[in-house]
Structures are given as C-alpha cells and as structure tokens.
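Shown next, in structure tokens, is the structure this report addresses.
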Amino acid sequence: MEEVNVHWYVEDVSAHSCEVAVAGLPGVGHVGKLVVDHLIRSLNAVKVAEITSTYFPPQMYLSEDGVLRFPRNEIYFAAASEDRPAMLFLAGDCQSVGPEGHYKLGEAYVKVFSLLGVHRIYTLGGYGVGRLVEHPRVLAGLSHVSLKEAVVEAGAVANGVEPVGGIIGAAGLLITYGRLSGMEGVALLGETSGYLVDPVSSTAVLDVLEKLIGFTADRTELSKLAEEMQADLSAITSSLQQNSADDLRYIG
Amino acid sequence: MEEVNVHWYVEDVSAHSCEVAVAGLPGVGHVGKLVVDHLIRSLNAVKVAEITSTYFPPQMYLSEDGVLRFPRNEIYFAAASEDRPAMLFLAGDCQSVGPEGHYKLGEAYVKVFSLLGVHRIYTLGGYGVGRLVEHPRVLAGLSHVSLKEAVVEAGAVANGVEPVGGIIGAAGLLITYGRLSGMEGVALLGETSGYLVDPVSSTAVLDVLEKLIGFTADRTELSKLAEEMQADLSAITSSLQQNSADDLRYIG
Amino acid sequence: MEEVNVHWYVEDVSAHSCEVAVAGLPGVGHVGKLVVDHLIRSLNAVKVAEITSTYFPPQMYLSEDGVLRFPRNEIYFAAASEDRPAMLFLAGDCQSVGPEGHYKLGEAYVKVFSLLGVHRIYTLGGYGVGRLVEHPRVLAGLSHVSLKEAVVEAGAVANGVEPVGGIIGAAGLLITYGRLSGMEGVALLGETSGYLVDPVSSTAVLDVLEKLIGFTADRTELSKLAEEMQADLSAITSSLQQNSADDLRYIG
Amino acid sequence: MEEVNVHWYVEDVSAHSCEVAVAGLPGVGHVGKLVVDHLIRSLNAVKVAEITSTYFPPQMYLSEDGVLRFPRNEIYFAAASEDRPAMLFLAGDCQSVGPEGHYKLGEAYVKVFSLLGVHRIYTLGGYGVGRLVEHPRVLAGLSHVSLKEAVVEAGAVANGVEPVGGIIGAAGLLITYGRLSGMEGVALLGETSGYLVDPVSSTAVLDVLEKLIGFTADRTELSKLAEEMQADLSAITSSLQQNSADDLRYIG
C-alpha cells in the first residue's frame, strides 16, 4: 500500500465527470459529514472511487456484516436530474493522523477531482465556539474574492475575520490546493458547540449550499435529527434554568 | 537495518508451509499474546523467522543469559500431528510505535505468510470494556461474510456492531491485508477490563480458536494463570462488597 | 507540493540582493515577529519570495477579503535609503510543527538568503523567563566570536551563558546554517514573561538592532503597543499590590 | 544536512584506530555522560569526529564565547599510555528526539566505530529506580554470554533480569548493532534515583569500567562532585528524619 491509494470503482471515469464537488469529512461536530452522508443516501449517489492511506489511523472498521475493512475516504457521483446538476461527494471515516498527511491527502483529492472535471469545490465543516448555538451562522472561506457576493447572498458570513484562526484539515486544504489546479472553492463552516454531533448546524450549512448550487435536497432524515437535537437542547436549557431557579431559592 | 527486516531461521521455507496462521501480539490485556505464547511452548513450535523494525521502540531486550537483543516479532511453526493441522504463529515483544509502522508491518507480515502458503489467518486480542468481566464474550471481525456462520457456531459474537470502533493494530490489519492477498481471516477479541493481563479472557479466546481450527490445546499453564486471576478477582470483589457493607453500616 | 517550496515574486532576483537579512518568525512573546512585521510595514518593503511547506500546520489562513491561503513564511525587500542600508526580512505565520522540519526549513531559508547575496543575518526572538520583566535585557547568540564586541556595545548581553539552554527553532538554526554558507549572524532574544505578546521586549530588541545595522526605525505603531502594554502591566502590578495590602489587613 | 552527518576532525583516521570505545550520552541521571565527559577531560582526549543530525532537537547550543552551534555528538581519542590502552569516547549534547532516529544514529555510530577498528564497546548509563540509592549497583547487558564472567568479576550484576525492561536508546542499540558488525559490547547502567544528576552512580559505573578495561582513571573532579552530592543527600535525609521526628512530636 502506498501512502495514498486511489481505487477506482468505475471503468469510465469521464462518464462521471462533474463540475461540482462537495466534501464533508469527519471534523468538529461532524457538521460536514452529516450533510454529505445525507446527500449521498438521499440522492442514491454511486461510488466512483475509494481512497486508503497509511496516514489514516491503523484502525480497521467493522461493516454491518461483521467484515473488517481499511479506514477509507470515498468519492460518490450523483447524476444530474431535472432540477439539480450532477454532483460529486467526498465522504469518509477519518482524516489524517499527522500534519504531513493532511497536505498529501488534500493534494491527492484535488488530483482526483481534476481527473473528474471538477471546477468548483464546496467543503463543509463545523466551527467550534465552545457554547450551545441556537441559530448557527455559516462562516465562509473562499478560493477567490469573486465568489464573495454569491456566498453572502446565500446567507453565509464572509467577513475576512471569521472563522478566526482559519480552517484546519481537508476543508481548508481542498480550497487552496483546488485553486492551484484552477478550481473555485468555498468552505462553509457551521457554528457549533464543539461538544456534540450537530445536525442543527448541518442544516444551516445545507441551507447555504442549496442556494449556492441551486437545488433543493430532501431533508427528512436531517430534519428529524435536528428536531431531536433541538428538543434535547431545550430540555438541557430548561433544566439549567430550573437549576438556576433552585439555586436562588436556596440562597433566598 | 531497513524499516522492516525479515530474518529467516530455516533454509527450506517450503518445508514449513502451512495453511493456518495464528497471531497474538502484545495489546489490550495481553489476551492474544498469552494464548499464542502458550501454544508455541506447549506445541514445541520452532522458529521460522524473526522480524525487526525501526518502527519498534528503541528498547533493547534482555535475554535470560544477560544478552541484549533488538525488540522483535517472531514466526513459529508447529508441524501437524494426528489430531491437529500444522500451524504458524506470530508472536513478539511489541507493536509499532506510530501509525505508519502499523501499516508497514501488517503488510510485511502478510507477505511472509504468503511465502509460507497461509490461507487462513486468526488474529487474537483483547477488547477493553473498562470493567471486570467474569464471563468474557469473544467479539469477531471477519475477512469475508462467508466465515460468519462457523465463527458464531464456535461461540464468538459477529453482530457487525461489536467490537465498537473496529480493531486497532496488527489484529485488524492482518485481516484486511490478508484479504488483499487472497487469505481468509478471523479476528477474535476477548472482552477484558483493559487494566490487567487477563488469562480468563485468553481462555475464552482459545475456546473459540480450538473449535474453528479443530484441535484441543494443552491448557495446564493457561488454566493455572486463569484460576489465579479468578481468585484475585473474587478477593477484589468480596473486598469491594465488604467496603460497600461498611459504608452502609456507617450511614445507618 | 514539495516538503519546502519557494515561490519567487520578483523576476530579477539580483535587483533585490542585499547584505543584511532580519528574521522575525512567531515564537515566545512574538517578540521577533512584532519587530519584523513593524519594519516591513513602516519601510514599505516589497515581497520577494514566499515559502510554503508540508512541515507547517495544515491550517489555511483567512485573508481580509475572505480568501483562504496556505500558511507561509515570506521574504521582503526594503531598498536602501539615504540613512539606511537595503534590508531583507523573513516574516510569516508559523514555524515547523516537528523537529525535522525546523532543520529543513532553516537550511532552505539560508539557501534563499545565499541567492540574494546576504552576508549578515539578524534573527529576533523572545526568551521566556516566567515572570513580568519591566526592563528586558537582550540576550545574544553569535555565529562568530568576532561579532561579540559590536553586539555588547549595541546593548546586548553576550556572556556565553544566557540564553540558558540555547536557542530553539529558526532564530538559532539561521545562525548555524548561515555560518556553514559563509554568513555572519546574530540572534537577539528579548527577555519576556512568555505569557503575553510583548511589544516592550520587542522595543528593546529593536534598540539593539538599530545600533548594529545603523539606522533609525519609525516606531509609532510599536511604541503605541508598548505604551498600552506598560499601562496594562502597571494596572496588574498595582492590583497585585492592592491584593497584597488587603491580605495584610486581613491578617492584622 | 543529511539525517545523520559525520564530520571528521582528523586527516589520518587509521592513526586513531582503537580497540576499545566507551559511550556516555545524556540519559537517566546523566550517569554515563558524567563518566565519559570526565575521562575525555582528564585524559586530554582529542576530537576525531563530530556527528550532527536532523533527529536531534532543533535547539542550537551556546558556547562559552557566545557562539551558537548545532547540537552534536562527538568522538574523542585518547592515545595509549604505559598503564592504559588507547580509547575512543562517544559523548555529546543529546540523543534522538523520536524512535526512528535512535535506530539510525545507533547504526551510524557503529559504522564510525567500525572504521576506527573498534572491537569492544562499553556503553554507560543510568537505571532509574525511583528512590535515593546510597550504594548503587551496576546492572549489565551483554553482546555475548562469553562476557558474563568478566563483567560479574568486575562487580556488575548480569542476572538476565535486571535492568528490568531492557535498555532504551544508544546504550542498548550500540551493543546490538555492534554485535551485527562483529564487536563485543557491555552496557553498564548504574542504579540512580532518576530525579538528580548522579555522580555517585557514575563513580560506581567507573569502578566497573576500570576493572574491565584495566586502567585507573584520575577521579579528582568526579569524586568532588560525588562528595558534594553525598553531603546533599545526607542533608536531605537528616532533614526528612527531623521532619518525621517533628511529626511524631506533633502527634504525641
């Protein structure tokens, strides 16, 4: 096995060419992963390629049938429909263990996107703010300033200050490496506590993504997850308020 | 010294060919190591090869005669007998220090197994559950779904959910790399606390292994260790119950 | 992307040749970075080259226009004026993540300096002392003992004992690698607490640097930062004294 | 700079050939370093070679004249005298940062020893026992069992059990790599607390080394250090006893 390995699952790569790619790998709040995994399922996207790497953790994953497999990242293809352009998705189990692997893998993914004719990359992720966020904003990082107007119109924040500290991992590297290969790119990070898997933030990110690409995703599954989480947050909040009231009574 | 080095101890490799290999390297509870070290001794297996590696810790081991040696993994061969097929064993001092080494070493071991004609790999290990387990289950990961029936019949759990988080290190990598080289593989992880060397869990793993391979191992040494540990656990448990009773008396 | 990449921003490298280079990368108290960033701005230095590296953190930085970029180090050129020689500056976002990268990057920077005709390197940094320092001393490390007299005359300490433990990272490596390429070098470390970004220490370092090079820098911005920090320190100190007085009263 | 670099300081390597090499690099209690640094000074040994490496910490050292230099290991040569054979010494600032570097450096040192005609390597170090040791034993690890008798006769322990856990770093690797190049080797580890630089343990190690090589070293400096430390230990011990007595009084 090489440091980074691409296994193609389709014979005719050109038949899966696509202008738009959307990446959502595991990260803060699994915000990006939730969106992309959801889109892959709801659009019945087909697997185009699989990436394995010695930069991934040496942790073999268990499939539902009890079979072990290498940790992997995958590229899926959803053909165009009447009301939606064709799209590629980058999803997977993990990111690199160390810093060097992030660079190597980011570069490899852009090379694959290049072979598949991608002109625009959207990377989705979370931005941890250390507190519960009821109405998460979506913070954007761009490959070119020309994309700013559209991104802001779609509801994201592109103020050149947030996300403070920039963007760590694949969500950032795909944008910068993509630009070197002539691709436009937009990173969309949903605000999230950083403590919980966060479908509410994922929904906010999907809102912006839909407007930018021009399509409407089925949201059954994601909405259900988000409602459950909102209910949990309300329970937590009211419990905290109750505790606070109890405290006052105790003092009084 | 190369990153991974194989030193052959036999001239005629083909004379030590063998369909079945059993791996038990150090890991959680030393569950796999205890079984394989025990089998090597009780079957008088002979050393076929030794692996050294710059991925191993830079810690030289002391032999009984005061002589220092490199940390190593070893491959042993036990010839077939009337009631037992020939078997290879992978045993040793340690696993890789970092993630990359796990991949490199896993690949190297499978290459050696391939030279030795192995068709089936069993990897043995422990799965830490963070509490004392009186009757440990054995959780399985498979190379092929076709192995599931036999594995469950032999007493292991192969529910596609456990071990939660998959399998880290050689016990997992030998199964996935083995499959790439056309080998079947079964990983057997005995539940264990994760705090102690655990011969009880080792015994549970050996039970399953015996049924899968079709042989009966001498267990004198392993049983003695397991009995001692069961006695220790009983002592700890009754001491904890006593403490708990003391606490109640105190409150009462 | 290679491990270390140099992107030239000027066609005619020889037109930006320069005997003196001043390096101030992020480090303890950002002492060196504050000085060099300030000089680049106040002297309207122009960018000559940019260095990217897979040894840098995989963290993409956000520009003011919302555009993402690779983490980078940069080389700037300020042409000579009536009262100042031409100067090169090495500035940037970060240093290497791991130890090997420090060596590789240090070597690469000196190669670039060599192409640009540099004969003398000044590296600026901080030396953490674990307490607030009102009048920070500047501790020097030299490439050649022949530089000692001038350095001491300029106000620095070159006693061969301090900085205790030597100099970690680029501030030290540029001096030793520079010597291998025939360059003289002086590392100037301002004492600093190690807890805070420290413009007071930066000012002390700039004092020494000016005397060594023979120029007078505009200090508007740096002085303002330093005054603000001195005010903060006075506030902290008087608050600590007040607390201490409170403590005495309590005891008495 | 390569990963490991050897700079020769002598033109005629064969004139510095030597059967015996003694290594004492920094480690637990600096036990080995104290002995070897002392021998280099008291025997007026001359520098034969210097090793630098990107595996060393990126920390430039300050010389007494204020000049910075790379971290290094050094090889010194002491010519034979009437009552002493010629000896080589390996001394230095540091060992490798990571595990791989330990292997690479160990191999490189043995190659240099091989060029210099070495047949026997002594490596000196400390073995941390976590408590103050008044009369430290010296624990030995051997390249060949044939050395055991002489080592025990010289006063060391070679029981095949201690040092428990073997020997980490250069003190162990020089013995195992040396054997691969046909050299005999003895590692001598003095028991030490692990908390303090320990000249008492160094003296115990030197006692054994002298008997094995057959020479008597000047000990002025080392004895002075050891006496100072014994006095310190006595002070600490009596202070602890006083505290203990105070405790009793308090209770009584």
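A few notes on this one:
The letters A, B, C and D name the chains in turn, as written, and every chain counts its residues from 1.
In this text, a residue touches a chain if its C-beta (ideal position, glycine included) is under 8 Å from a C-beta of that chain, and two chains touch if they have at least 3 such contacts.
Treat the numbers as computed from the prediction; the structure is a model and nothing was measured.
Averaging C-alpha coordinates per chain and comparing to chain C, the farthest chain turns out to be B. When the CA atoms of chain A are superposed on chain C, the rotation angle comes to 90 degrees (nearest 5).
Of all residue numbers used where chain C meets chain D, under half belong to both copies. The two sides are thus made of different residues. One simple way to say how far apart two chains are is to compare their mean CA positions; for chain B and chain D this gives 38 Å. Per-chain CA centroids place chain A at a distance of 54 Å from chain D.
Among all residues of chain C, none touch two or more other chains. Taken together, the chains touch in the following pairs: A-B, A-C, B-D, C-D. Residue ranges of chain C in contact with chain D, taken from their complex: 96, 99-100, 102-104, 106-107, 140-145, 148, 151, 158-163, 165-169, 172-173, 175-177, 185, 187. Partner chain C is touched in their complex by these residues of chain D: 1, 54-70, 97-98.
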